[in-house]
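The structure follows.
Labels run A, B, C, D and E following the written order; every chain starts at residue 1.
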Amino acid sequence: MSVLEIIIALPLLAALAIWLGAPARAASLGATFLNLILVLVATVQYSGKAANGLAFTYSRPILDNPSLSFAVGADGISLILALLTTLVMLSAVWQIEDRPNIFYISSLLIGGGALGAFLTTDVFFIYAFHELALIPTFLMIALHGRADAAQRKAVAWKATIYLGAGSLVLLVGLVWAVLEFSGGSKLTFDLEALRNQATLTPLPAAKQAQIFFVLLLGFGSLVSLFPFHSWAAPAYATAPTPVAMLHSGVLKKFGLYGLIRIAMPLLPQAVHVEWVQNALLLMLLGNILVMGLVTIHANRLDDTLANSSVMHMGYIFLGIAAGTEIALKGAVILMFAHGVSIALLFGLCGRMRNQLGTLEYNKLGGLAAHAPAFTVLFAFGAFASIGLPGLTNFAGEVMIFAGSFTSFKAGVLSNLHWTVFLALWGVVMSAVYMLRAYRSIFHGSATTGLFMIDPAVSQRVPFILLAATLLVTGCCPWLLLNLMKSAL
Amino acid sequence: MHASIILLLPFFSALLILLGHRQLKGAAVLISVGSSIISFVACLFFLAADDDNKLLLPFIEVGQLQAGIDVLIDKQSRGMMFIVSFIGMLVHIFSLGYMKDDDAKPRFFGALSLFMFSMTGIVLAGNLIMMFIFWELVGLSSYLLIGHWYQKASAAEACKKAFLTNRIGDFGFMIGILLLFGANGGNVNLDDLATAFSSGPLRPDAPGYSAGFTTAAALCIFLGAVGKSAQFPLHVWLPDAMEGPTPVSALIHAATMVAAGVYMLVRVSFLITASPLAAEIIAGIGCVTALLAALMATQQNDIKRVLAYSTLSQLGYMVMAVGAVAMAAQHGHVPHAAEPGHPAMFHLYTHAFFKAMLFLGSGAVIYACHHEQDIWKMGGLRKHMPVTFWTFAIGTVALMGLPPLSGFWSKEAVLGAAYDSGSNILFHAGTLTAVLTSFYMTRLLIVAFLGKPRTDSAHHATEAPMVMILPLAILALFSIFSAFDILSTPLQAMKPPHVEGHQTVLFASLIALIVGAGGAIYLYRGKDKDPVSIKLFANKFYFDEIYAVIVRVCQDRLAWIVTGLERVFVDGLVARLPAAIVARLGAATRMLQGGHLQGYTFLLGGGVIAVVYLVVFVLPRLGH
Amino acid sequence: MPPLLFYLLALITLGFGFMVVTGRNPVTCALSLAASFVGLAALFLSLDAYFIGIIQILVYAGAVMVLFLFIIMLLDIKAEEGKKLNLPAIVSGVLLAVLLTIQIIAVVSGTGFAKKSTANTPLELAEAAGKLGRAALPTITNDLKAGTLPDAKLIGFTLFDQYGFHLQVIGLLLLVGTIGVVVLSKRERSGTP
Amino acid sequence: MITLGHYLVVSGMLFALGLAGVIARRNIIIVYMCLEMMLSAANLALVGFSRFHLVNGLPDYTAQSLVFFTITVAAAEVAVGLAIIVALFRSKQSVDVESVTKLQG
Amino acid sequence: MSVFTIEAGLALLGLVLLLVEAFKPDISRRTLGLTAIAGTALALVLLVFAKHDTASLPSFMQPWHQLDTLALFYKGFALVITLLVLWLTLECAPYLTRFTVDGKLAEMFSLPLIVCVGMMWMASARDLVTVFVALELVTVSFYVLVAFARKSAFSLEAGVKYLILGALSTGILVYGIAWIYGATGTMSFDGIAKALANPATSKTAALFGAAMLLCGLGFKVAAAPFHMWVPDVYQGAPTPVTAFLSVGSKAAGFVVLTRALDAFLVEGSIIATEIQALLLVVGSLTALLGSLPAIFQTSVKRLLAYSSISHAGYLLLALACRDSARFDLSSGGIVAFYLATYLPLTVLGFLGLGLMRANGLGEDIKDFAGLAKRNPLLALLMTISFASLAGLPLTAGFIGKLFVFLGLADHGYWGALSCAVIAAAAGFYYYFKTILAMYTSEGTDSPALTLSTATKSVAGVLALTILILGVYPKPLQKVLTPASEAVAVK
């Protein structure tokens, strides 16, 4: 029995309890709060252990050959993402008000699925837990989304088919990797075993590139990698607040986590194979530049946030494309940072929609005068996503950029370096749309009829929690980096 | 120790105020002002502290990337630190009066503290990444302060514009940092970089040296300064930034933050010196900015805008000095190896005092005239506000460069550097700018303070309260004496040694002073209306309009097009087309299930025949 | 067997088969089918499968055809004359039949089957008597020694010895068939139409 | 000379004929007759093969047993089949294949 | 006790039940049903304790009957599905009786027993004669069962279609058997394998016979392009019969297919390449032709029929992957595994359908609207079932699919793998469509559904099985592993 098993089981059990009739709010808040504490304790313990390799491991075999087992274990990356999950889950659950139980249940299921995916070390379960979150996400968007029935269903379908098809491609890639790296005569899905085999007998780079590309397509469509992104923006814009927070903040990180935890260690040379790197760079430029422009074009807050979330994935992919230690760790930090900031923004956005009934920029204005606390909280999210130093995103971005330049020879610019320059232009674009949003909503004089006040103090807690996380880890990114001393 | 206090005190002050200003209420103001005073006192100790670099806080430490909050303490940072904390303190005090009736006073002071924190960070920064961090943070505090009166649409737009324009500069700055980061094996400490350029992997005779790379890195870094110091062509935000409260304009948009670009350029002067081309471009940009801004200033009617363009012009001067010094260095002129007084820093230092004072003075005027800013609606203020008038006048003549006021010495140093650079254009343009400076400053003084009051508000103007006058007076003293060795040496103001043989320069600056002032007196004395009207200057060479078109075309229209393409092609090809194909196939295959038994038997029989055909007649041939 | 006789029998089988497929009147079809099966039975006989041939006539031409006729009469099904022909169905049926025939001919010619004939693979009755082993019941051995093929005896022996179980399964199957017929065709007792 | 090939071709033609009938005819009873023809064609092939696959010099009686079973099964199928057809006729007054097209899509 | 005795006893029980009903017409259907269930359950228990080796059989049976692990597994499988079908019949009885002639269901209890026995024999068959006889026993019984509710026009139509197409496939099957026999000179699978490994055997004839035989069997397992009967017949047949067809009949088809392919694809077989290629083509086509038309279905029952076709495609693909030395399960084992996981989810799905009918509702997706409000438990169970059908991980449906993917990737059959992926992706749509309907707020005004405790517990056990097998498939693999060894040794 490992503490990680409790962490994974808690939300799922809480969901079951609510289904059976337990008081929804109390149960979900209790479970998520306890979970956050547990993860924090585990994180502290882990950093006390000199942050070395996998910890809290425990394995229960479920099939002999191919060898599958319910194996849990966490290293720095997993713990950072688990921390992100529990944080966002607590906030998401907390900000639910006066909603049917299904809101709590699906939030817990999505969060539980994400925790399972991040904390298990068997490829089978890593994959499986992610899929667990698919149905609640789908149902919540289709049933409780914010558009009219036909439109929200269409959006839910699009997202589900995309995610489903993407995860099937992913499955193919994983199966391929398992077949290649199992070694000997026995198939195994155990990540550690696969990694050992990958270091013992690495594949030729050309083959690595092929497998990596399949995995990239699979994981990529889960992370809305251009051009497989068109599900994400409408889905987030339509999804009910907790789902938008959890999916864009946490679950989407699964694809990146998979690339960093599974694809990169198994196929270390793949990203340096020219065609793979070029393809990845092209796609992530699509994310950054194309989606950046699309975001600039958006004229509703939810569209802006949803598209920006797609855009920012490009930076994390850039970290993966660079493939150096600094860049990859930066990618992890940025995953954490983006998760927290976008969850914060979506949470606030949901509240605004509930109170104002519209998010169109030309109908809003001057909210800062009426809701100062709300404004400050929003500013935290907005400036974090711009990449302002002092908030976590900056540390991640700067590490990714710097990591792309570690192998730089003066005067010789590779495609990667050019991509970094273009990506930096994306930072300018993200300032353009975020400030435009901030300007239209909070600055100026209040438009008549649209009026909102600060949330009650108890309702501020989840947002303050997220904003404080951004500030603390933004000022002290070494807190997170210490966890990853040996993770890569 | 002192560095930590100076850096962290305003940080906690800002944090405390911004997060709890509604609970703190009036105490917020006290916290902020108190922290600024304590900082100043600490800074005085700091001036005498040891020269050592130390890590204050870890930030990111992974592999090659070792970016911490570490400080580089030398003459430059000490001098700059003094300017920042001193003027900062005075502006804090001035604001006590100026912002007395503002509802959002705590927010203002919180942002002010945040600015102090960020600016201190820039000054102390020991490595480029740290500098970039605080570089961005001053951008944020500037954004918050310009947008202090966010209910006004113009203020809201101005703060956005300031932030975005700075972002464009930061884009280049970051690229430059990355280039240096990559080229110097991950080390971006300023000291180490200097070593790298003099004797390390980046020295000109090192293997793999690339002049193009050095130029590119220098220009990219310079782009950061272009943004922050509002150089052409990114100068457009600074005049708009006058939408902020006037103390802010004095502190941030005249004395300190906008000078950060110059400070940073001086910090990386080893880089600029390494690239002749970059040095020329920098000097050229500075020169163009100085001249254009001076031309624009001659036709402005808003008292703060005149000062803003003047600031632009002076910043251009400083940047030109940076470039000119580097150019001179390449010609073998290393005039001050032992005493690294840099003309740009010297001008920065003197300019900080008189320009801050001018802004504060204009603030007092605006305050007295009930927020009237048009100089043609003032007039005759000399009588109503004597202290303000006299301090303003001192500032004006200091700026014009009347000997022996501080402005004269520093301007002469800058013109001297231009002269030394070997480029006639720089020198002539600098002189012309000096003429224009005298002209528009005299015009301002005459129109606003002399003559008769032209409106009621000017008529009823009264002297500002003590908290506002006191800083003015202190600054006036500094405007006069700051260039004297008695002040500038202990304050480590980097006064360059007076080099012999600059008669030309001396004459040029004196003639410029006389011509400019005389012209203005001749034209504007006793006038109620502007006798000169040059649309091109009044409309700032139409930069805002051109940029608006560029933004509309390159950004909004492009965004529109790209959004359309993304919806149609990407979504169409990746999502809708496959979906349509599958749906069509689904419908087609469904047609097979027509419900007719005969159809089914046909398909079954056909299937058998097809399978037999495949297995017996096709596959054996394929297989072998 | 004389080729002419074979062709005659094949013609009977296929010709009447063709009439089944084309006949407009169900009764005609049924009777043609019976005739076709008689021809088929004769072909069986020509292959030394006497028992099967007889069974074919008894079961098919006899019982099954009677059943068909009975049902046709019972339901009083008219000829299809009034109805339109389903031309696509006919065309496709013919097409498939032609294709299948071509395929089968190609397959047959691609194997060694076209070389085997009764002439080159004669039965070896006398030798068989010695090699039968367990199946060598005295009567069978005697018949074989006498030069006659004890067809019914041999098939009976196989059925009851080797496939005794299957025979019982077939019995069960017939029972199921009976039940099915009862279930499916019993009339409603009363009341409901 | 009449070979096994001839028998197989006749059997194949009978099979194809049956298939054509099954596809082309609309009267379910006749369709059913054609199915019987196909079964018989298969039987012919079986018997042919059994005659030429000599075991101990005799025809292979396992194959003939299968023929026997096939005939029996066919009889049972005919019984059940005709019962269903009767039920169909009772319900629709028709034995046309076009009377059963409700289930589709 | 020999396994054979159990089978005979079960057949006898079927006959006895018929006789009882015939002579004692007033006996309640509950008694009949429960007796049949009890008999099946007893048989299942006895099967566990019966002698499990071929050597225990009488010597005359040994040439055509075997008791390897696979056979035993499928026998158990047949018993379980029969048990569930009988119980499902009881559940659906109130609605079924409206469509039978005299409101009786006796044959609905006795015929499944006989079908079960037929399937059990089929599982053990080791020659084509036995296969044919057992298969026909099952098929003829199904003719009756499908058309059983003959007052329903749908049931009758389904009966007619199944009859004609089934008879056609029987003809093709027999013709195939004839040619296989002609090519190899034997009826037994062992003999066929031996003959096919001999290069002197006529390849063309063997290929032709194998192709015909596979076409005939393809019909039984609903392989494309012999699948078109499935949607119509499944939709028209009474729901318990549909479940029986979908699970039992298909499983029976697959056990025969497994045996036949073991012979056809034996080491050194002259026709192995072609047959394997055929299986890949047919399997891919089946997966697609099952999945694609399902996108537009509005009837859940018909949707399940298409789903059943699609799953058959995966099973065929699994069969195409021979010699997966990398994992313990042979392709036959994977098929068995897949079918075992397929059983609970399909039965659960049909149970839902039956309960809808029993509560006077239709079988369309719109009838499922608001089910989550009307009966949360049933909605949850159905969700589990459909999610598992869609192949979502942590449910049983995923493991089978994973094995198929593993096998295909291991052999490098990327084309077939992509077809399987496309089919599975399309599957997400139509399974989720049904799930979505259950949770919509529309239709919540319909009356609440009530379930009996027995129903709840059986359905709950099925759902639990799905979940447990989804996370702990080891026991099932244990059961099946010796089978692969036996196959491998042979």
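As a convention for this text, a contact is a pair of C-beta atoms (placed from the backbone, for glycine too) under 8 Å apart; a residue touches a chain by one contact, two chains touch by 3 or more.
Note that the structure is predicted; figures quoted are calculated from it, not measured.
Listed by label, the chains touching chain A and chain D alike are B, E.
Number of steps on the shortest path from chain A to chain E, with steps defined by chain touch: 1. A comparison of the C-E and D-E interfaces places the larger number of contacting C-beta pairs at D-E. Using CA-based centroids throughout, the chain positioned farthest away from chain C is B. The chain closest to the protein's centre is A, with centres computed as averages of CA atoms.
Rounded to whole angstrom units, the spacing between the C-alpha centres of chain A and chain C is 70.
Centre to centre, using the average C-alpha position, chain B and chain C are separated by 101 Å. For this pair, chain B with chain D, the centres built from the Cα atoms lie 94 Å apart. Per-chain CA centroids place chain B at a distance of 76 Å from chain E.
Residue positions of chain B with contacts to 2 or more other chains are 590, 593, 595, 597-598, 601-602, 605-606, 608, 612, 616.
Within chain E, residues 129, 133, 136, 140, 143-144, 147, 150, 159-161, 164, 168, 172, 182, 204, 208, 231-232, 293, 296 each touch two or more of the remaining chains. Residue numbers of chain A whose C-beta contacts span two or more other chains: 161. The set of touching chain pairs reads A-B, A-E, B-C, B-D, B-E, C-D, C-E, D-E, using the touch definition from the header.
By the touch criterion stated above, chain C contacts chain D in their complex at residues 1, 3, 6, 10, 13-14, 17-18, 20-21, 23, 26, 29-30, 33, 36-37, 40, 43-44, 47-49, 51-52, 55-56, 59-60, 63-64, 67-68, 71-72, 74-75, 77, 80, 83, 86, 89-90, 92-94, 96-98, 100-101, 104-105, 108-109, 113-119, 121, 123-125, 127-128, 131-132, 144, 149, 154-155, 157-159, 162-163, 166, 170, 173-174, 176-178, 180-181, 184-185.
Considering their complex, residues 19, 22-24, 26, 31, 97-98, 100-105 of chain D touch chain B.
By the touch criterion given at the top, residues 11, 15, 18, 60-61, 63, 101-102, 107, 110-111, 114, 118, 121, 129-130, 133-134, 136-137, 140-141, 143-144, 147-148, 150, 159, 182-183, 202, 204-205, 208 of chain E touch chain C in their complex. Put simply, chain B touches chain E in their complex at residues 582-583, 585-587, 589-590, 592-593, 595, 597, 599-601, 603-608, 610-612, 614-616, 619-620, 622-623. Of all the residues in chain E, the ones that touch chain A in their complex are 325-328, 376, 380, 383, 387, 390, 392-394, 398-399, 402, 405-406, 409-410, 417, 421, 424-425, 428-429, 432, 435-436, 439-441, 471-474, 477.
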